[in-house]
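These are the structures, in structure tokens.
Heads up, the next two complexes both have chain A, just with different partners, chain B and then chain C.
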Partner chain A sequence: MNRKGLLLLLLALVLLLSCLLHIHLTEVSSSSAAQANVLWWEFRFPRLMSALLAGAGLSLSGLLMQNLFRNPMAGPYVLGINSGASLTTALLMLGGFPWMLHTIGLVGSSLLGAFLAAAFMFFVSWRVQQTTGLLLVGLMFASFTGSIESVLQSWASPEQVKQFFLWNMGSLQQLSAAQVPWLLTLFTAAVLWSLLLIRSLNAFVLGQDQAFQLGVRTQRVRLSMLAITALLAGSITAYCGPIAFVGLAIPNLGRQLLRTQDHLLLILFCLLFGALFLLACDILSIYLDSYFSLPINVLTSLIGAPYIAYLVLRRS
Partner chain B sequence: MRSLWLLLLLVVWACGSEPQQQRPKQAQNLCKYSKLLKIVPTEKGYIVEIQNPEQPKEQFKFQLKQSFERIAALSATHVGMLSAIGQAQRLCAIPDKRYLHDPQIIKAVKRGQVADLKSEQQLSIEKLLAQRTQALVYSGFGPEQTQIKRLRSIGLTCIPNYEWRETHPLARAEWVLLFGVLTGQLDKAQRYFKQVCQNYQRIRTQPTLCNTNPFVISGYVYGDQWVAPAANSFEAKLYADVDFTYYFNESAGTGSCFSSIPSVLTNSAAVVLWLNPGQPTRAALLQQYPKYKYFPFFKKRIFCYTHNTNFYWECAAAHPDWVLSDLSQIRNGHVKKLHFYKELRQ
Partner chain C sequence: MISFQHTVIGYQRPLISIENLTLEAGKVYALLGLNGSGKSTLLKTLAAQTPPLGGALTLNHYPVAQLAKDGNLRAQQIAFVSSRFDGIEHLSVFEYVALGRIPYLTVFGKVSAEDQQMVSETLKELGLTHLTHKRTKELSDGEKQLVSLARAFVQDTPVLLLDEPSSFLDFLNRENLLLALLKWVSEGQRCVLLSSHDIDLCLEHNLPLLALAGGQIQELLALDKKGVVSVLLKGAAH
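The block that comes next holds the complex of A and B.
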């Protein structure tokens, strides 16, 4: 086994140990077996799954975006895909549709928003060839959706504003046991779909023109990449709220550590390390719990933002 | 010897004829409960001292010689205190009409007689000046400090109101005296506050109908944690005054306290009453956080003021006697007339 394989194996092992540590840390003594059962299935297990799936999913979507736009600064957050999901959720929560706020409504709206944002970016990518321009459009789109959310908040009732604010904080404890299979199914579908694209993803590294000459159906692959990203970012945003920087930082770290453009290895790294990163953030938040409370989004930004700044400085 | 007698006589005369120096009277603070507000009457008016709870060295002090006719209030609580002493007509600007209850004031806002400032963080100086505002009362959360400095620099009297940082419900209500001073209605405010104190003490000391102290929990899930009033907050003081045993009795602090969600779930089997969950119905609670159904106290009695949230925020600070009356009735299980609270139906 080569060095890269060993690194991935080591990551898998550390992830397993982290899962055990997470399970140990979230353990609370319960008075009855029934209560212990509820605690495990409704609180501890979904929290663990949230961290694993959200971390892995966001990292994978970031990797796909960075490949598609050939820019290490791309990611679902930067390209406005999370913002699209957030906007449709805001419309649902603040726009006076409380009867639609059950799970399917929430996930549906979030997925719809993510797909619409991805479609918009796809359309823009036809017209704007430069990746920097695309990223700027993504940032403008995120700013635009943020402004609409502010307008909606100024019209909404205090209760609606509170509900949206809570969702917007991002949390790994909102997912219920019944929702785990839904998120797991969407996640698995997205991972399998991206594994089918590995050859095309590797060819895209050379540039889309080169990939086309190598026989890759570039338009179809571009659409697939945006769809996978929307599927992952939309479903994760619906269940956990917006989580920043995971999708941006982890793929870059993967390329730096593995020194490869083989997307099978990069996808495996993103899945393992993305899950590990968010799990570690959650473990840290459990440790800090007795001192102060930090939303998961704050922790990921605290760790992710300096790393991205370091990357930018190093490149310049 | 003769001259010595003369000298002694002179000394005695001198001592006796010296005009009696009047001891300066110790200026009396009119506030008995508040730790942050001092009102001292003087010959020329009143000296008001307001202590910043965050910075012990920072004190806001001013002398008031005449009352204000046009007052801007940046919190619904301030509006409630002005209404409590019948001086709401002096309001010229309010924080955001979505957060107000008083229909008369809302009508005045719609007619344009009272300005709606919309946001406390983005004060419109133009609106305040257009309303000929003389005094502005603000909550002192922090971010508005720059704006407040600007307003002071153009001659507007800006007064912080830290009633929300008091630890006793009567201390909060005592801030009504500040509005009494500002409006020139201190006597009326004192009479009002005296009545509130009497009501409060009467309810507090009246015999209870049940022998045990019900175990109650307050608060709700916020983000990833359970947030509730801390043991030394004014809210917890209200619970103690009606002999509730409060779940967070051991917590530290005078504001909010936090606990992990599983910890609340596992330690709350004995809770018989849930107060202030933040939603008006059980369905709304489940919509906000579906896992509430697993908490043992979700099936017990739940009371909240959220069926009329604005009324609570506007009036509860000035009427701790009403809040205590509500809690007392809830405790005894014989609910006749609740001012703020309502039971969430099963």
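The block that comes next holds the complex of A and C.
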């Protein structure tokens, strides 16, 4: 316990230092204090918050999906929850449903897509018992929504296509100052909700039958896990675009480093390290910015994909 | 401890009907039956996973419907050991056994010092102390089975159900498992029901036998192996 606690403490410390570094790096010279103030609240602070909340939130939702499906290769991206959010966003941006933009907006439509995809996967998980089958359905779903997005793109105007393309690459600079409280509220609600599930999550490690024998209301917990994932993945995808591999890689790293299935420790790890990982990616992209500009999705995939491949190779 | 009254058991359609049967505390009952006779369905019904189709069924005076609804009550009354535990990655034996305390923990799942001591003592009693820090994935089949028994013991319930616990064990571990169960029921108001195909082992330890055949349960008294087999076959022929 002490070694694990120490690791988490160290992680918190590194995260704090990285925040300071990020704040330092995004600083630009400004002529007046008022201008500096605007720059901070409108650009630098939302960018910092995007990195922290998206990293932490996606990792947490990955942890929940891996627990629910009892498969370390599960995650919001692989299970098509991002794809659902992506599809509804494409419909909004490319399909030209102006009424949608006015009524529910980008976030609403993204959340709707995430919830629909989560509900779809929940239904499929009743029919398809094998997790490999389930992951394949998720991948097929992602491929399917991708195709629909392509069709929509061929109809849309070049302006719309460009807007969607940029969103699709993922970015930590799209979150506006006014949106920060929204994302923060959704994120906090999701984290608090998952903290209330810790005991059930620990029981779920043994499978749903054994969890039931240990007194868990399995049906309710399953639904809660999917709802939390949809809430996190949906809102983050809306504001930052689809960000790959964070949700898949970070929980695996947590189990590997902490060597535990205690979900209190794993949740804390995912929140801290997820935030740190995306922040570090952003810091890297700031450093590289003078040479070439790298979208955040490219960076997370460059680091995340080889790690996941290594995990798969090690297991077999 | 477990009482059936005109109980009809089955999944969607009736499979077993039990007129009147009471399993007493302090005993390890063996449930015998051919494949497909309904042993697993019966155990699932007792574990409150599948509701009975009719009649009354109580465990330690609680109706099974109440146990199905109230999670903590259920988990404090009934423990279930399935026939196979495959081990779980990154989960140590100590952590695994401590999961048996879940029904007694707060939502945050914090295991108290008392709980930890209980886990250590149970592991010691089963002669498993040397496995405490081992990963559950690295255990042998026999060790996995004994460790899941430890988890069920730690759950500290009056009723313990085991689904073919000896299938993957060698003769030495079978003996150890049964001795541990007999000792456990002798220590309090507890009742064990295990399903098994190992007639020899059950007879050797003089376990009260319940034969499940042809949709009926029969208590077998003072029979040898030949007698038991003929009851099972005769029931199945109906």
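By definition in this document, the second predicted complex is superposed on the first by the 308 of 316 C-alpha atoms of A that agree within 3 Å, B and C clash if a C-alpha of one lies under 4 Å from a C-alpha of the other, contacts with A are read in each partner's own complex, and residues count from 1 in each chain.
Rule of thumb we're sticking to: a contact is a pair of C-beta atoms (placed from the backbone, for glycine too) under 8 Å apart; a residue touches a chain by one contact, two chains touch by 3 or more.
As the structure is a prediction and not an experimental result, all values here were calculated from the model.
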| item | value |
| --- | --- |
| Contacts of A:Gln261 with chain B and chain C, given as first, second, both or neither | second |
| Contacts of A:Ser171 with chain B and chain C, given as first, second, both or neither | first |
| Contacts of A:Ser301 with chain B and chain C, given as first, second, both or neither | neither |
| Which superposed partner A:Asn202 touches (first chain B, second chain C, both, neither) | second |
| First, second, both or neither for A:Val216, with chain B first and chain C second | second |
| First, second, both or neither for A:Val38, with chain B first and chain C second | first |
| Which superposed partner A:Gln153 touches (first chain B, second chain C, both, neither) | neither |
| Contact residues common to both interfaces of chain A (with chain B and with chain C) | none |
| Chain A-facing residues of chain B, complex | 98-99, 118, 222-225, 258, 260-263, 265-266, 269, 278-279, 284, 287-291, 294, 306, 309 |
| Chain A - residues contacting chain B, complex | 26, 28-31, 35, 38-39, 42-44, 98, 101-102, 154, 157-159, 162-163, 166, 169, 171-174, 176, 285, 289, 293, 295-296 |
| Of chain C, residues touching chain A in the complex | 47, 49, 71-76, 78-80, 82, 88-92, 95, 99-100, 102-103, 105-110, 155 |
| Chain C-facing residues of chain A, complex | 72, 195-199, 201-203, 205-206, 209-210, 212-217, 255-256, 258-264 |
